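Two complexes, one shared chain (chain A), two partners (chain B, chain C).
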Partner chain A sequence: MSLDTNDLIRLEVNYRGIFQKTLAKHISTDVVYVAHSEGKTAFSNGRYSDDPQRNGVPCANFAYISKSLSEEDLEAEASAAMDIKEAELVIVLDDTMVKGLEPWGHYGIRPINEKVISGGTILFVSSRTPAELSKLFERKSFSYRIATIRGEASFSGLWYFRDDMTDVRVLGAIAKLNPGIASIESVLSYVKSKYKSDQKVEAARTAFEEVTVAEVTPEEGIVWPYPKPVLPGWKEFEEGTVVRAVKRGFSLGPRGQNRNTDFKRGTNRTQRPVVRFDICTKCTLCWASCPDEAFDPTKEGYYDVNYEYCTGCGRCADVCPVDDCIVMVNEMNLTSNESFYNQYLKNPSSYVEEIESIKGKERTIPEHITGKGNIVKRVEKPKAFKEVR
Partner chain B sequence: MTEQRARNDDEFKDAGLYKGVHSVDLEEFYTSGHRTCQGCESALVMRGFAKVAGSRTVVTGATGCMYVANTSYMTTPWIVPWMHTQLAAGGASAVGMAAGIKALQRKGKIPKEKINVINFSGDLGAGDEGLGGISGALQTPYDLLIVIYDNESAANTDIQASGLTTWGAQTTFTPSGSKERIMQKRWKKNIAAMMAIGHPNVKYVATACATFPATDYLNKVKKALAAGGPTLLHTIDPCPKGWDYHPRYSNILGELAVKTGIFADYEIINGRVKYTYDLRKRERLPVKKYLEKQGRFSHFAEEDYDYVQSMVDEMWEEWELPGILPIKGGLSVERE
Partner chain C sequence: MFEMEELMTGTDAVAHAVRLVDVDVFAAYPIRPYTGVMDRLARFVANGQLDAEYIIADGEHSQFEIGKHASSVGARAFVGSSGTGWLYAMEAIGVTATDRLPVVALVGNRALDDPGAFGVEHNDALLVRDLGWLIAWASTAQEALDNTLIAYRVGEDPRVRMPVAIAMDGGYLTHSEHLVKVPSKEAVKKFLPPYSLGDRVLHPDNPISIAPQANEDWVMEIRRQNYEAAKRSRGVIIDAYREYESVLGIHYDNPFIEELDVEDADVVLIGMGSASVVARSVVREMRNEGKRVGYLKLRWYRPFPSEEIRKSLKNVRSVGILDRNFAMGAPDNQAITSHDIKSSLYESTNHPIVTDFIAGLGGREISRKEIRKMFNLMESGRTEKVYWIGVRE
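Right after this comes the complex of A and B.
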């Protein structure tokens, strides 16, 4: 098919499965409606292989906007694709995804800026600066832009949608970053007619004005440390769809248990548990409650987290009976996936000092219903939420 | 009562029950690197029975979220052999596996030893669609264990109501609307008791929560495997995805399901009922404590909480066997 697709604008919305599913759906459908209101043709869908979604697993929605294509041509062009190859505008709803994406339908850990094209833009909802984020990008051979709107990742829930206006703020930012999708006037009148709320219109306008943009040059970023994914062809499949099991193997100590080496899930984390081995009572509860088998029992009776596999659900921090022994820390504050227990063995006092400085004095304690958001508490009484029992 | 308890414990004195959390085996046979949700309770159930059953085990799994999560895209976290089977074929696959092993051993093709056969099916796979197959399996003489992991929905296909979904819950089949607040109007199917009463030859049927009381679930798997013949285990699995709570709180919700009495925790050993967490003698927590923590009940009005509470009260105060059997099975005889 030879279509003039020069004016096709592709948009990718990266989000955390389930937590942000409703939010991402709002954004990608709203973009289509706004573009429609300007007489453009637009279309959006979700990445096929993301469903059935899992909590925290990176997912993506796409939207396509065109001035010249008819609806049939745009659908033919866009709807059959399982994934897009490039995008003019990439939106990231949780900044911890900058450490890499491992969607569950694909092999390997991919860079967040994989799809962005030369002169394109990548937009984050983040409280960090563009420079802090772009230093974790994969290095590209061309220049593009990074933009941020200030805010913590909105985990707005599935059945119960907590509206913190992230959706309309992103719409406002889109109008600024790519006016070809829609102008700010169209966005504001759409928001006004959909929500009948001046507050929401104001939020969209503020985001339009406040979005921070910076240039990412070809020198910036890192050489991507993970191998590029290669899917096996049909000739490599064994007879009867056999999948080789993990070889049995176990010994005490960090990384002593044999695990599935082809699918590690560390990139699902927005927070990670950090263990204070010096005050641990060896009660076994963290290890026993871990649904990802991420704890390695050690000779001395402690339990070390394998961060390559830990998904950061926080169950261990919740069951830990010792105040401040296991604490969930924002993933962006830490870089290494190496064994913390080995670091502790080398020098216990410097380990404790270091992780205490990373942990800080504040603890984020999520509400039970994801949609109702987080409570931030001072560390003095970190286990107050245990009262619910 | 004490005599009966002594008898129950005696029966499993050779099963090598765990005495406490520190005696639990450390090695995993279902390991990291699976495609489950953060905080997934069913993964813990899987990890638990694989650990207890050990290396000489074969597992079959009916379609469901725990099938898709475990061998998709040519990778697996399994160390022991696992086989996928169709949605309603959980029972039949376990029977086939157990009978096959028996036949091979009789013909001397494989050495005679105890090989555990476990089927892992969900509330839809075992409780609704596969019910006939499970019932058939429980009428056979083969050694097999059927574990029903109950996350109260078809969680793989994004949360559709099943026969085991709690009354009033929001699912994609039963969304709350402006005209009708409650769309899930069925009471939860009493699957474990139904299978125990309907299959009198089954030596061991139990319900459990994977994390509460500690090691209780693991010991129930040990007992089920030691009892011999077909056995059944039904676990309540809080599901952060469909129940809409932060994955951090799976333990609390499992514990509350037991402590509020909405899920009866018991075992039936050769027809004798033993309550694991006996709410006839303990204080029951208000069921609202359990419901209000979940987004799927976020549409509940006060009267809905009261209704669920009244049903749970009736279950514990008026039933012939609380949580298991209503008076005369809930039936009344028409006057002649």
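Right after this comes the complex of A and C.
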């Protein structure tokens, strides 16, 4: 007779390192408390390999809930592994993670829906529609559900937590999406007793009522373009912990420099810098300040962002002395990681027109990037395209 | 008797214990997984829940020196580290023991560099096993809290006066959340007498000199004192657990080891740390299938529970050791715990077959399936003295 794990519910909370650390911990811990309040056994852990976290790196917390397993059996089943293999409910606290997750080297860029099982659910905090998100999923052979609660990703810094009720809203949605974890009544009474705030109770209830759910069918999504690395056996690699250098390669132009293909880190990004090459003065500051050396110098003296490697830290936009030349744009507004400079060369004026339409009127550099509050600038009329000779 | 029951990580649980014993001085230098404790303690000090000197050292060596010196002037001290940080502190760790100062240290087990790795391996704690430190291993967050409280009582006892290391698996135990019952300060006060070095305290009113230079006409006698103190610690540990139960109602069947279905077992696996939770679950499962298997957990590693192990294994045919450590080129190429177990069994009337399972290094998971595989190998089909379980071939 082997251990009956039929009623085990596994929860994965995907979040942005540092910026959403406290938020994610609230959720996974609260789930355990709420499940306990219903007499279930539950337990949570953070993915240890994510620590010490770097800004924006995709991280995960897990929670496990069971009605029948003893505390020790639940732990034996769930806590022995540091990463989850499958989950009944996957939570995504920032929708830009739909583009893939690369938490550390030799891990590959993995799809956000990798762990969802047949009949399971993936929940986003997002102002996009389910269809806009699920079209970026890896195609699966079975059906499952996608759900959203409306909102922008909630970001905080390392030393503070911005309490915008995302945590209690997610709890409310969980009760709707998987009542096996906890009923809405239990969630509300837990929120009430923890915060003594009717507003928070209301936020949880509203999320419960308003969560949008849609079916994801086997045909939906894309064939995932990134391979999953196969790690070598112990006889198959060099002794002495040697890591061979990336083969030197330096030529001018987009993708002219060789970089480490085993850890690209572009999936850290929630925003990306978009460059107006037509008004760039070639001052080199962006290229020199980039902590990830993500700029490729071009023959003409410009600097092209390699979006596979750009972590979206915003440093280039911060140092750029030309108004509106480098602007941070939400990652969801853009699809391709291809060279923008190449697009610019093909047709400079239509490139400028296109990126200006994507940028929108408001240019926000969020607090977690500036460290001195949100910097919002409204641009009614962007600079006109400037012919460069 | 208890102030709360709360969901907390293993490092939080240790921090609560440090708060409850009302330490006077603690020194810190960050390294994962130990960092969790200093984070939490910093919060306790900031919130006014703990009145202590919190000293951020410039490295682990200074950190452990600070602990040692604080302890010598009569301050209750706490320090800790992990993996390579623990190694960097090693010279200070050595003299803390030979100066017989009852510092309590957390060693959040972490792989030794290189490669730079964060996951659990037991080599860091095991490196001090012969230096005059007592070592207690925790397999749950509750046990980590209990061990820490008991460690202060045992280490500070005038019959012992030795430093104690609280070993705890990095990641699995330090960073996962469990419900822990936190005793009240009053209860802990009842259990743990105030720290006193008596007339050994370094103080202007009590002029003494400690840690002098000594020639060959002194060293051996000093070692012998330490050796006797380590022997005496057994009795002090037994007393401490008895007192812990009478004050807090927390019962441990045996202070040194924890047996699950060992009594009538044919095959027994021995280990320590968080893998015990998985092993115990598998034993219960296999017992339901009618297999005569058992699990023996080591809680105290120094003093090593030889007598308990001999008694526990007196009818066992085959023993497996779950070694989450490495010992390159050691006897029969087996890892560290195997040697201590085998030494103990040499004096036994029963000499079971001993198989070493090297597993879970650098934080690799030890799954239920793998524990089952170990039991199956022990039951029949063992052809090797050592198996690497979970390595990518």
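Going forward, the second predicted complex is superposed on the first by the 366 of 389 C-alpha atoms of A that agree within 3 Å, B and C clash if a C-alpha of one lies under 4 Å from a C-alpha of the other, contacts with A are read in each partner's own complex, and residues count from 1 in each chain.
Just so it is clear, contacts are C-beta pairs under 8 Å (C-beta built on N, C-alpha and C of every residue); 3 or more make two chains touch, one makes a residue touch a chain.
On a predicted model such as this, the values are computed, not experimentally measured, just so you know.
Enquirer: Answer with first, second, both or neither: which of chain B and chain C does A:293 touch in the superposed model?
Expert: first
Enquirer: Does the superposition put A:309 against chain B (first), chain C (second), both, or neither?
Expert: First partner only.
Enquirer: Going by the contact rule set out at the top, does A:79 touch chain B (first), chain C (second), both, or neither?
Expert: In the superposition, A:79 touches chain C alone.
Enquirer: After lining up the shared chain so the two structures overlap, which partner does A:29 touch, if you call chain B first and chain C second: first, second, both or neither?
Expert: Second partner only, chain C.
Enquirer: Give one of first, second, both or neither to describe whether A:232 is in contact with chain B, with chain C, with both, or with none.
Expert: both
Enquirer: Once the two complexes are aligned on chain A, which partner has more residues of chain A within touching range, chain B or chain C?
Expert: Answer, by number of touched residues of chain A: B.
Enquirer: First (chain B), second (chain C), both or neither: which does A:246 touch?
Expert: first
Enquirer: Which chain A residues come up in both lists, the one for chain B and the one for chain C?
Expert: On chain A, the overlap between the chain B and chain C contacts is residues 51-52, 231-232.
Enquirer: Can you name the residues of chain C that touch chain A in the complex?
Expert: 7, 32-33, 35, 114-115, 118-119, 170-172, 175-179, 274-275, 277-278, 280-282, 284-285, 288-289, 363, 365-368, 391-393
Enquirer: Which of the residues in chain A end up touching chain C in this complex?
Expert: These residues of chain A touch chain C: 1-3, 28-29, 32-33, 36, 43-46, 48-49, 51-52, 72-73, 75-77, 79-82, 231-235, 241.
Enquirer: In their shared complex, at which residues does chain A touch chain B?
Expert: 18, 51-57, 104-107, 157-160, 231-232, 237, 243-248, 250, 252, 257-265, 268, 283-285, 288-294, 297, 306, 309, 311-315, 317-319, 328, 366-371, 388-389
Enquirer: Which residues, counting only chain B, touch chain A once they are in their complex?
Expert: The touching residues are 21-22, 24, 26-41, 43-44, 47, 55, 65, 68-69, 71-82, 155-159, 170, 211, 214, 240-242, 244-252, 255-256, 289, 292-296, 298.
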